[in-house]
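Can you keep this structure in mind? I'll have questions shortly.
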């Protein structure tokens, strides 16, 4: 293959500036914009609603023009959101760290220096992900209770680690496979030790993939609700638990709920927006450079 | 660079160093794997063994004291109960519906995003946003702010007083899931599109192939493995859908949207029949293994794809 | 070279996991409190306005005086019920106090999961347990005659109606209407063009949603879930007549989206002036009379729960503070419970947050506080009358095997009621029929009855 990188080639196609084609691309651009706005609109509506009074939030027809109020956010902070955010942060960060620490060597042993039955091992990891969490909840609850670890952030760290481990092993494996064999072999011939080749050759190549894996694990851990609601209480309650506390069977709650939903989604939204290239890379299992 | 031609080349040799050598070497190879493997076994398999044990007990948590050993009675109860069968059917419908629609939409959006236009980065940011919203928040948002017949946004914009959740319960749940998972599919498929070799497409264009022909004869075959990857990952996550069902429909009306996870949840937390719930859990795991063996074939082809890179 | 490095990587990996496991264990030690000198209690409660109020008032008015810190967790009703039941049934011990509904208290008391509170409340003269409303205490009492939870606030059900709409149509609501009269009013006042429903009724599935009002209709129509000897009566003519009546009423003259409407949706519909009547909890009145939250403040009339064969038909519900047996802070927990359900706390709420927000419906004395009477004059009398006339032991026309007006006080009822409610809900949505719902319901009820015969 003697071609250049893709972007360069793409721009070369633009060298044929047929007006019709430009028209066409403008139309597709408009279509894309419309699609984007439709997809993001529920989120915009959520944010708008969070600045309304409860009565306006529950009006029919919907209220479009209103005086924004911070009342709902004030109420959310009144309920002391910080411990919940901190618990979520701890559970997500530590489980992500643990996932990366466990998954990277494992992926290494399944790719660059594979064990004999590496396909079986990889299948085992993936199959643990297929079991519905609800089927495991009861025994997990009973075990955690007997260990005295209910309502404990570290329990959530361990569970989120096992929840994200299969995907992380799979993703890290595909990133490690990108390490050019020739370079690795050349390093070995030169007598570079394993640590050196990890530090000098492997890490620079896979570190973007590592970041992508970590981001995706963080998102899944932050957003997890089912295990959290059943295994935590007052001390280790995470952000989703705080959120559902705003559903009330007695009284209006939509605006407050939207304010809380906006706040608890914000960290992941920002992380995802800022690092969206990582997201693309991670989910494509390293197909895009 | 991945491209069609190298992919077509048979490239069976995978690892740098093929797995051979003495016992010591084998353990050296295994060492980095062991922490993760042991961790996964302890955290996922020990609970499963406990589930099997619990499934043989007649244990209702609301009646403390006796929990006699009943061997397979719980399995008989669960398997003869039509609720489990309908839950199984609902699981298949909800998962397949959500995966298929999010794949189609995701592919369409990926093709749009693969073009150049003004503000492409902004549009991509808008499109990935639903995936980043906390699922429980998304479910609550759709239920209360969009579907609500009295003050929901859908009726607010289009008029009428359709009660979306009870008139079209499955569609309501699927639409929420599709909204959340389309970005996920889109990102995977976009990666596939961008890994197409542009000069081959260009060559085809020069040869006079139409856009549609290029799409069906070159792009789709190239995309097959990415479609498989998306379908597989999507299914793994969506088959366990709980938040959306729990929040939006509570499994209703009737049992129209009660899927397997929710049915087991009901047995555990509303009936407190721990024995029955465990038996249902074991059955689900067995079904999963059956489905997984088929899914793993797909994965195998994905591994071949990775190795050919 | 190779091998040494392999071992090294194993060592590193091992050390890393080891360190994390260790730190996990130490984390466990430090976060799970429970030492003797620690005056912190954990409280789980539903997200109702009264609970939000106590969360706001606790630091200033309780912790300051007693030195006891209270950590609150708020969950929606369904999650809370699932979670507390799970925690208590398995002796998880995550909570020192929790809000528990009238349905669970006697069941849990029987299972030995709750501390009895009679001894402590009797010893505390300032607490004045004789002041607690009798039906409330009754519904929180176990088979041994002891009280197992202290009522925080209580409610019955009554009929709310929009006085303007009734006046405009020249109709008069009797103080104690019958269901036949209510159906007649609903027919006359239903105005689809103006977007006004004749009546608002719950249709949301759930034993505590749809079946709260529906069971009271069944009761007054002469039906019951079970007879005294546990004979299931779900497909009896009375049960069917009541359910048909309810489903037809809500289908013909009910609010839009009735199949997804619970208390909140109805509160909104009626509060926006989009329904002429609403049959629901007495606790709705406080919000309806608040001009900031409702467009019908001052325009609402209140009548007793509609009846057919019985003299009264209001339900009885209370959220009560209970102390699980697993608590390690018994004394601190009682201090909190007795404060939260005391006369003093009502004063604290009244003075700090306003008298309409007093957690009412549990003490006779509440209804003689002048400020409260003034703020609740529209509905206080009907509320008190409804509660005093509710009989959890015998709410219908036949003797009952278990406690409860709008529910059957047995553990299986949550599942039974919810499953049947899903089918009745489908009938309201038009995708099924009442006949099918009740035939299936009878089968489910027969399964339940087997446990008791």
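Per-chain numbering from 1; labels A, B and C assigned in written order.
Here is the rule we go by: contacts are C-beta pairs under 8 Å (C-beta built on N, C-alpha and C of every residue); 3 or more make two chains touch, one makes a residue touch a chain.
No experiment lies behind these values; they were computed from the predicted model shown.
Peer 1: Work through the pairs of chains, note which ones touch, and then classify the graph as line, ring, star, complete or other.
Peer 2: The chain contacts form a complete graph, every chain touching every other.
Peer 1: State the chain with the largest centre-to-centre distance from subunit A, centres being mean CA positions.
Peer 2: For subunit A, the chain whose C-alpha mean is farthest off is C.
Peer 1: With respect to inter-chain C-beta contacts, which pair, A-C or B-C, contains the greater number?
Peer 2: Of A-C and B-C, it is A-C that has more C-beta pairs in contact.
Peer 1: Cα centroid separation between subunit A and subunit B, in whole Å?
Peer 2: Measuring from centre to centre gives 15 Å for this pair.
Peer 1: Roughly how far is subunit B from subunit C, going centre to centre by Cα mean, in whole Å?
Peer 2: Here the centre of subunit C sits 37 Å away from the centre of subunit B.
Peer 1: Would you mind listing the residues of subunit B that make contact with two or more other chains?
Peer 2: 29, 31-32, 35, 39, 150-151
Peer 1: Mind pulling the subunit C residues that touch 2 or more other chains?
Peer 2: 2, 6, 9, 13, 16-17, 86, 90, 268
Peer 1: Quick check on subunit A: which residues sit in contact with 2+ other chains?
Peer 2: In subunit A, residues 58-60, 101-102, 105, 142, 158, 244, 247 touch at least two other chains, as defined above.
Peer 1: Which part of subunit C faces subunit A closely enough to touch in the complex?
Peer 2: 1-2, 5-6, 8-9, 13, 16-17, 20, 23-25, 27-28, 31-33, 42-44, 46-49, 52, 55-56, 71-77, 79, 83, 86-87, 90-95, 262-264, 267-268, 272, 281, 283-284, 287, 292-293
Peer 1: Under the definition above, what is the set of subunit A residues touching subunit C in their complex?
Peer 2: Counting only subunit A, the residues touching subunit C are 54-55, 58-60, 78-79, 94, 98, 101-102, 105, 141-142, 145, 147-155, 157-158, 191, 193-195, 229-230, 233-237, 241, 244-253.
Peer 1: Applying the document's contact rule, which stretches of subunit C touch subunit B when the two form their complex?
Peer 2: 2-3, 6-7, 9-10, 13-14, 16-17, 78, 82, 85-86, 89-90, 107, 111-112, 205-206, 255-261, 265, 268-269, 274, 411-412, 414-415, 418, 422-423, 425-426, 428-429, 431-432
Peer 1: Which positions of subunit B touch subunit A when the two form their complex?
Peer 2: My answer: residues 1-3, 5-6, 14-17, 19, 26, 29-33, 35-37, 39-40, 43-44, 46-48, 50-51, 54, 109, 112-113, 115-120, 122-138, 140-142, 144-146, 150-151, 153, 155-157, 179, 182-184, 187-188, 190-192, 194-195, 197-199, 202, 226, 229, 233, 236, 239-240, 242-243, 260-262, 264-265, 268, 274, 277-278, 280-282, 284-285, 288-289, 291-292, 295-296, 299-300, 303, 306-307, 309.
Peer 1: Which of the residues in subunit A come into contact with subunit B in the complex?
Peer 2: Subunit A residues touching subunit B: 1, 3, 5-6, 9-10, 13-14, 25-26, 28-29, 31-33, 35-37, 39-40, 42-43, 45-46, 49, 57-62, 101-103, 105-106, 108-116, 118-119, 121-140, 142-143, 158-159, 161-162, 165-167, 169, 173-174, 177-178, 181, 184-185, 219, 222-223, 225-226, 239-240, 243-244, 247, 254, 257-258, 261, 264-265, 268-269, 271-273, 276, 279-281, 283-289.
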